[in-house]
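Next come two complexes built around chain A: one with chain B, the other with chain C.
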Partner chain A sequence: MQPHLKKAFTLLALVIIAFIFVRSLVVPSSFGQYGWYRGDSLGDIRNFPVEYAGSTSCGEENCHKNIYSVWIKDRHKTVNCETCHGPSEKHVNNIREMPEPANDSRDYCGLCHFKRVARPTTFPQIDPDVHGENMRCTYCHNPHKPWFI
Partner chain B sequence: MEVTRRKFTKIGCKVILGAAAVSAIIESVVTNGTAAENSPAGEYDWNEHFWGYVVDTRKCIGCGRCANACKLENDVPFDEPVYRTWVERYRTKRDGEVVIDSPNGSINGFPEDIPPEEVKKAFYVPKICNHCDNPPCVQVCPVGATFATKDGVVLVDYQYCIGCRYCIQGCPYGARYFNTEKGTADKCTWCYHRITKGLLPACVQACPTGARKFGDLKDPDSIVNKILDEERINVLKLDLGTKPKVYYIGLDREVR
Partner chain C sequence: MDNLIWGYVYPNEVEIQWSILIVLYPYITGLVAGAFIASSLYHVFGKQEIKPVARFALLTALSFLLVATMPLLTHLGHPERGIEIMFTPHLTSAMSGFGYIYSFYLIIVVLEIWLSFREDIVKKAHSSKGWKELMYSALALFSYDISEKALHEDEKLAKRLAIIGIPSAAFLHGYVGFIFGGIKANPWWSTPLMPLIFLMSAIVSGIALLILLYIASMKIRKHAIDHKCLHSLAHYLWVFLIFDVTLELLEIISMKYESLEEIDIINRLLSDKIAFTFYGVQLTMGIFIPFVLLLLVGMMKNRETLKMIMISISSVFVIIGVFAMRWNVVIGGQEISKSLSGTLTYVPVFFSQEGVLPAIIILVIPFIILRVITYILPPWKDMEEEVT
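And now, the complex of A and B:
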């Protein structure tokens, strides 16, 4: 081989080797494990903490069994415990960690039940100006068993 | 043949460097080729699932509990106007004008700011990342920090994202936002940390009317497959070819 070609090839080989070396340092080891991304990030995302434990965890273990059995039979059974009572996974793991009390204000019930034009007409709605004389809804309605008292 | 010390060192160096380069190349080719078949470690096997989502706009009452639960579950900055899911309100007035709004992503409800007499037609539409099968946001990422998993969820690698915001520009659904606390792009994960443990996404669980449904497209008995078989469904921006996996029932032509 001619000496000038030999030099060029040696240089090229060195450049390639340097590239591979730098790449192995910079690119995380799990990159490309499943595709063009860092495979370990799947584990990172899957290990994020859960906040909402689900209604069944309220009813099991005899904790809130009575109120659960009332709620599960009535019209508000589609509204999960944590929709009003807030995320409870911390409370499930440690009962001393109390969740915030449920918001029983008129406006909170109104998020679903105040009359709005965009709501489906079949959904039960009230006109807050004429219904209930500005009292708390829970004064007359039991949110766990929502028909009158 | 006599080998001088100089020649011996030269040959030795060449052999070592060559072997290192060849083994590195072979290793990278082999790992790329085989590992894609495996599932990440753990009990959950992503080869057995392919997730899908159904929104029934006829059932949505605009209470915003989904958007609220999403922010609390996923540590989305609560007081900033960024949302992984939100509810839009469409109102067609009697003069034909269409008013579309989503005050605070629906979290505080929808005040009636147009007199109801002037509104001819109105409805709510929940919005969320469509977890496209052909995601434009993944294509534009320059560093491989966003990707589609084998079970059909588009995720962001928060350690690897450089915060260039290309993906936010690339998403035709406006489903991505910039998380100022993390300094990265951020988006809905369909609560990947929940669904891989057998739980439902927080927004689906929080919905009081069942307007949001989530299930496995690979399971013929899942709620999503049942709805897809029975209802007339549509997706957002079908013509873009992004192949969304959020299916809508009762989608109006005004909804983009």
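And now, the complex of A and C:
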């Protein structure tokens, strides 16, 4: 083989070897252990601190029993307390650690209730341009008992 | 939004996800494959009349190949993650092959260009000074042997590479068609003919682009056009147009003849949603008019300027027609609902990551790259010789 072709093929071989080398460094050793992902990621996820306590923890021990009993009977019972009030694990463990104030902005309610063609027609939806004069939804609607105006 | 939707559609279809950038992806890879196959008409099949554009075709293929990934990376965002497809390809998806097929083809094209330009590179290395000398010497890999024996070896290897190159160009583009053809939930895409349709339209768009670039470069350089070469390219364009239209019509005719459950929505798609881009642009402008014009070119004697104009118009129409074909496949396929009883509408936006502006920018970049490459490796020598 001609020397220049030898050089070209050596260069090509070096590029391929470099790729294999970089790949061996970059792809985690636990990749493919259980499936097409990094096996160690399961441990990493398990070790994340728990942030959400769940809705039942709000209604337990008489803390928020009244509002809980209103909410659990109404249509927003499928929307957990922490959906609007934020993660509460710290607050449940220590009542002095207050959660963030509830998100009651118009856009936040709109994530579910602004009119979208993809939503079932029976689902309560409003056209934000003509409904409610741009006021916050909670001005008229009680989020714990949404039909109560 | 309501007026963009007809009938019953599923909620997750309302927003059309594959935008104009995904139209561009098969379009650009098609131009690459087409230009490469045009160059191999000389390199492999020894068609001497193509020689003036053979090396230029390789440079065109490389320029477009270098941007072939851009539409996908812009569409998906996070281009830094693109390499993951090569580090951990998930083999159950046809798309996972992209990184390897693309890289393999890139190596073939670069090697092919290097071998065909090596003599020029070595001569330039000898005749230039300073950083240019260094650049050309590096490009020559600091080997300056351009004896007859060495060049003969180069030619032999280049021919072998081109022989490997044709199936890999066909594979690169056929596989893009396979990705669409393999989507069984979509009746507009799901057909085993799709890889072949994509390949044939790729070849016609590549040849048409080459014709236009050849005429444009000769006009810019104020040099006479080799009409024999031009007519030969026009002839191949005509032949591949026949294959292309046969396959495209075969698909539609068999769909209509079989009249399976999806025929109603397909009819609605063809008669309403993409009627203009399909019958008007893709078939009439992109295939029928160029077909007739090129047929006339083949029949006419003398009148070289008129023939050149007719070939140029045909090439422009073919290039627009093939773009419309990609549009009709990619966008058309998403404008019918998987429910088979509703349609949606794609409204392109201009300024956005998925918009028309990035698409235009991505389409302009290969021409800039081509200008730079032709400055470093001028293919003019063989484009401008032996013109009578």
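Criterion: the second predicted complex is superposed on the first by the 101 of 149 C-alpha atoms of A that agree within 3 Å, B and C clash if a C-alpha of one lies under 4 Å from a C-alpha of the other, contacts with A are read in each partner's own complex, and residues count from 1 in each chain.
Here is the rule we go by: a residue touches a chain if its C-beta (ideal position, glycine included) is under 8 Å from a C-beta of that chain, and two chains touch if they have at least 3 such contacts.
Being a predicted model, the structure only gives us computed values, none of them experimental.
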Touching partner for A:Gln33 - first (chain B), second (chain C), both, neither: first
More chain A residues in contact - chain B or chain C: B
Contacts of A:Gln2 with chain B and chain C, given as first, second, both or neither: second
First, second, both or neither for A:Gly54, with chain B first and chain C second: first
Which of chain B and chain C A:Trp147 touches, first, second, both or neither: neither
Which of chain B and chain C A:Leu12 touches, first, second, both or neither: second
Partner chain in contact with A:Ala118 - chain B first, chain C second, else both or neither: both
Shared contact residues on chain A - chain B and chain C: 31, 36, 116-119
Interface residues, chain B side, partner chain A - complex: 17-18, 20-21, 24-25, 28, 31-32, 35-36, 38, 40-42, 44, 58-59, 61-65, 69, 72-74, 89-91, 109-110, 112, 116, 119, 122-124, 144-150, 155, 157-160, 189, 192-194, 196-197, 199-200, 202, 205-206, 208-210
Residues of chain C that touch chain A when the two form their complex: 1-2, 5, 11-12, 14, 86-88, 90, 107, 111, 114, 118, 140-143, 145, 149-150, 153-154, 157
Partner chain C, residues of chain A touching it in the complex: 1-5, 7-8, 11-12, 19, 23, 26-27, 31, 36, 116-119
Interfacial residue positions of chain A with respect to chain B in the complex: 13, 16-17, 20, 24, 28, 31-39, 41-52, 54, 76, 78-80, 82-83, 86-87, 107, 110-112, 114, 116-120, 123
